Amino acid sequence: MKSPLSHLNARGEAHMVDVSEKAVTSRSATAEGFVTMAPATLDMILDGTAPKGDVLATARIAGIMGAKKTSELIPLCHPLALSKVTVDFEPDRDNACLRVEATAKVDGKTGVEMEALTAVTVACLTLYDMCKAVDRAMGFTGIRLIEKTGGRSGTFRAR
Amino acid sequence: MKSPLSHLNARGEAHMVDVSEKAVTSRSATAEGFVTMAPATLDMILDGTAPKGDVLATARIAGIMGAKKTSELIPLCHPLALSKVTVDFEPDRDNACLRVEATAKVDGKTGVEMEALTAVTVACLTLYDMCKAVDRAMGFTGIRLIEKTGGRSGTFRAR
Amino acid sequence: MKSPLSHLNARGEAHMVDVSEKAVTSRSATAEGFVTMAPATLDMILDGTAPKGDVLATARIAGIMGAKKTSELIPLCHPLALSKVTVDFEPDRDNACLRVEATAKVDGKTGVEMEALTAVTVACLTLYDMCKAVDRAMGFTGIRLIEKTGGRSGTFRAR
Amino acid sequence: MKSPLSHLNARGEAHMVDVSEKAVTSRSATAEGFVTMAPATLDMILDGTAPKGDVLATARIAGIMGAKKTSELIPLCHPLALSKVTVDFEPDRDNACLRVEATAKVDGKTGVEMEALTAVTVACLTLYDMCKAVDRAMGFTGIRLIEKTGGRSGTFRAR
Amino acid sequence: MKSPLSHLNARGEAHMVDVSEKAVTSRSATAEGFVTMAPATLDMILDGTAPKGDVLATARIAGIMGAKKTSELIPLCHPLALSKVTVDFEPDRDNACLRVEATAKVDGKTGVEMEALTAVTVACLTLYDMCKAVDRAMGFTGIRLIEKTGGRSGTFRAR
Amino acid sequence: MKSPLSHLNARGEAHMVDVSEKAVTSRSATAEGFVTMAPATLDMILDGTAPKGDVLATARIAGIMGAKKTSELIPLCHPLALSKVTVDFEPDRDNACLRVEATAKVDGKTGVEMEALTAVTVACLTLYDMCKAVDRAMGFTGIRLIEKTGGRSGTFRAR
């Protein structure tokens, strides 16, 4: 019996799925996540001038570089020649959090959901690292895929 | 004026902090996170025999290997000679989620909070990858440091 | 005079061969190897329940991830977007050894022999690492390419 | 019950063993392996001047760099600050093979057996890659640890 | 207003440019650089037999492997499936320097200027490392792109 | 006869030098380099607000992360647990260039000259990448070690 989990074979063993018969199509994926923190930590990131630039710039670069490492980090991911990666931040002072959104694109045989999610999580980790000296209680929440397009399974949009 | 964010210099520029004067002490950190999913997805991971083994074993290995990549992923992290990494999973059928907990240890000049958090997030990402064919709406929530010991700042425990 | 060794130029210097004029074709390669060990070590891997799963699952994941690192490890290998990697184990109690077989596929301009061989050797190394506490005299033997298809040189099958 | 396999916990799950309580001692390990080939292939590697240099030099460099990647390749290996790596080749025209020997040293809490074995296997893989255009039937045999010193388990010498 | 710097978006934030709409074309790039040193250092590299081979062979291999790491090193570079990399050295005894030239090729959506420049700089760094015990005052000068072909912007030749 | 080049053995073959008998001392190294460009390119980097931040911030992060990759890039470099890395930029409008300076520190058995030089060159490469769309004729010049301290050979200062 074939497992419904595509990364396992009939014996339940892990393998890197054969995608050689799949068509090369244009695919994209967007993921999001939220870094929760003390209001004063958010102020520190957003206010002032120089620090703001470098905290967010560092997290953005880390997220983009992280997306390129996806197939090294996730055991059964296929290596992909990404054609685009963006990472954006949106502060939410009311909820004392920073929203992270990442989009990845590829022309390939498999999707880029993992690349978008990896970009978000590495950006979150970097924000934690940059600010942990003042706020060790920061956390990450609501990390999820919000949209993907392309490929056999078509478009997905989170509700 | 020195920035309260240790990873920025007085001009707000990123740098890898000088830890050469810090003492080598025994340090540990434990982080947790939750992968939310449809109840049927959790059943698929937990029930049966072979698949269960390989889904969780793959995520565990990915988390451990991810911890070793922390200083490659997080721009300003110091490279560390980790002395221990563990990743554990605990299913919560009532809330249809899987709890991921990771612990890292080092004898070094800086802490291993980032290594523990990286292990958790890479394990979460791998669980998503293994199950995304059946449940694209999975998400990660409650990722945070729950305890750290050692170093100048001493013990931290999340409330 | 052109060297018969394609990775050397006319002066005998190493280079990464120009494959830009080669056609993209579907290619596959399968390699094998044998890990020899004490009969009691093989029993320990095969018998019982939990340990078995994790020893072989860890070696399988390591082999698959190793295949993706081939072009980082082998100086003159071209980077390839692998479309499939599998690693399988077959115990041979009569000869107290474990057979490792790996298959790699790609649609590309160069073959995947090195990827299949790398998957086998990294899986062997991981088995050694998992069991070395009880059997340091384990060894690897008979590592070789057993079949390749596709590309200008066509099909090869080991005798 | 504790597993006799140190890389598994009591539930048979993989973990990176805690070495924080172990002493830092001077450790070394030497491994060997043999690349079998057609006599004409060995002649091609050994005869002439320039090609010889670059085939063996490339495999030596690859083996040394491979040793440094051990903890990235082998899931449960601890990262180590290697203090020495050497890779040597010894041709055996009578048996049409090339012997590869690698030695690694470290002052650390865990041994360097895996680093020596990884250096040997990556050097073997590179020799295959350099010569596969003329001899796809090359193979690797007799890869094993021949000596290790240091650490709690003391000296091991292969018989 | 769109920034004239393609790696920045309208808000001046870094991103990995979207190349999904660009055509796959055959592209090449050649870069050069010069390692300046004491005349005696150059003699040591060039004279004799064995050392010469291994110093230059090591730097050549490092340059080729460095080119394959370009997208890991340069944050906004797209990963590319390089189809060729060569690194050559030309001694200039009159000026006591060694000229390094590297060429990279790809069939892809973006150019390989960075890969050629990375190969040159990593080869330069390796030459420094090999010789620094006798000449710490070595330096690198005149590193630049000398030609690129292919892509929308066409051919560039340094004056 | 021992080669004066420490990275070669008596037969002129490359090896990773045995540093196990060397003392752990506090070591630092500072390197510099210059990126030459058209005056308008320098203006573009320095003027305005947002772009400036991200071009220099990206190059700074890349240089710091590059320093951590030194032992992966340079074949015979020992892996080091860096305790500090900084990368700074100083514009020189008169000469239409940007000076890059990097400092690395370690408590270890070998020096950090290569880490400082690698940080400088990767920062230079990143600046090229960020600005190449407007100025392909940029170049790197005057890359050299300007100071090192610690270790058996003591302090070096470039003249």
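Note that the chains are named A, B, C, D, E and F in the order they appear, and that numbering of residues resets to 1 at the start of each chain.
By definition in this document, a contact is a pair of C-beta atoms (placed from the backbone, for glycine too) under 8 Å apart; a residue touches a chain by one contact, two chains touch by 3 or more.
Computed from a predicted model, the values in this text were never measured in an experiment.
Path length between subunit A and subunit D in the touching-chain graph (shortest route): 2. Any chain touching subunit C that also touches subunit D appears here: B, E. Contact tally for E-F versus B-C: the pair with more C-beta pairs in contact is E-F.
Ranked by distance of CA centroids from subunit C, the top chain is F. Two copies of one chain, subunit B and subunit F, form a contact in which under half of the residue numbers belong to both partners. The chain with its Cα centroid farthest from the Cα centroid of subunit B is E.
Subunit B and subunit D have centres, each the mean of its CA atoms, that are 31 Å apart. In whole angstrom, the spacing between the mean C-alpha positions of subunit C and subunit F is 36. Contacts with at least two other chains are made by residues 13-14, 53-54, 57-58, 61-62, 65, 69, 72, 75-76, 79-81 of subunit C.
Pairs of chains meeting the touch criterion: A-B, A-C, A-E, A-F, B-C, B-D, B-F, C-D, C-E, D-E, D-F, E-F.
Note for the complex: subunit E touches subunit F at residues 3-8, 11-14, 33, 44, 48-55, 57-58, 61-62, 65-66, 69, 72-77, 113-114, 117-118, 121-122, 124-126, 128-134, 136-145, 148, 156, 158-159. Taken together, the subunit D residues at the contact with subunit E in this complex read 50, 53-54, 57-58, 61-62, 65.
The touching residues of subunit A, counted against subunit C in their complex, run 9, 13-20, 71-72, 75-76, 78-81, 108-109.
By the touch criterion stated above, subunit D contacts subunit F in their complex at residues 26, 57, 60-61, 64-65, 67-69, 79-88, 105-107.
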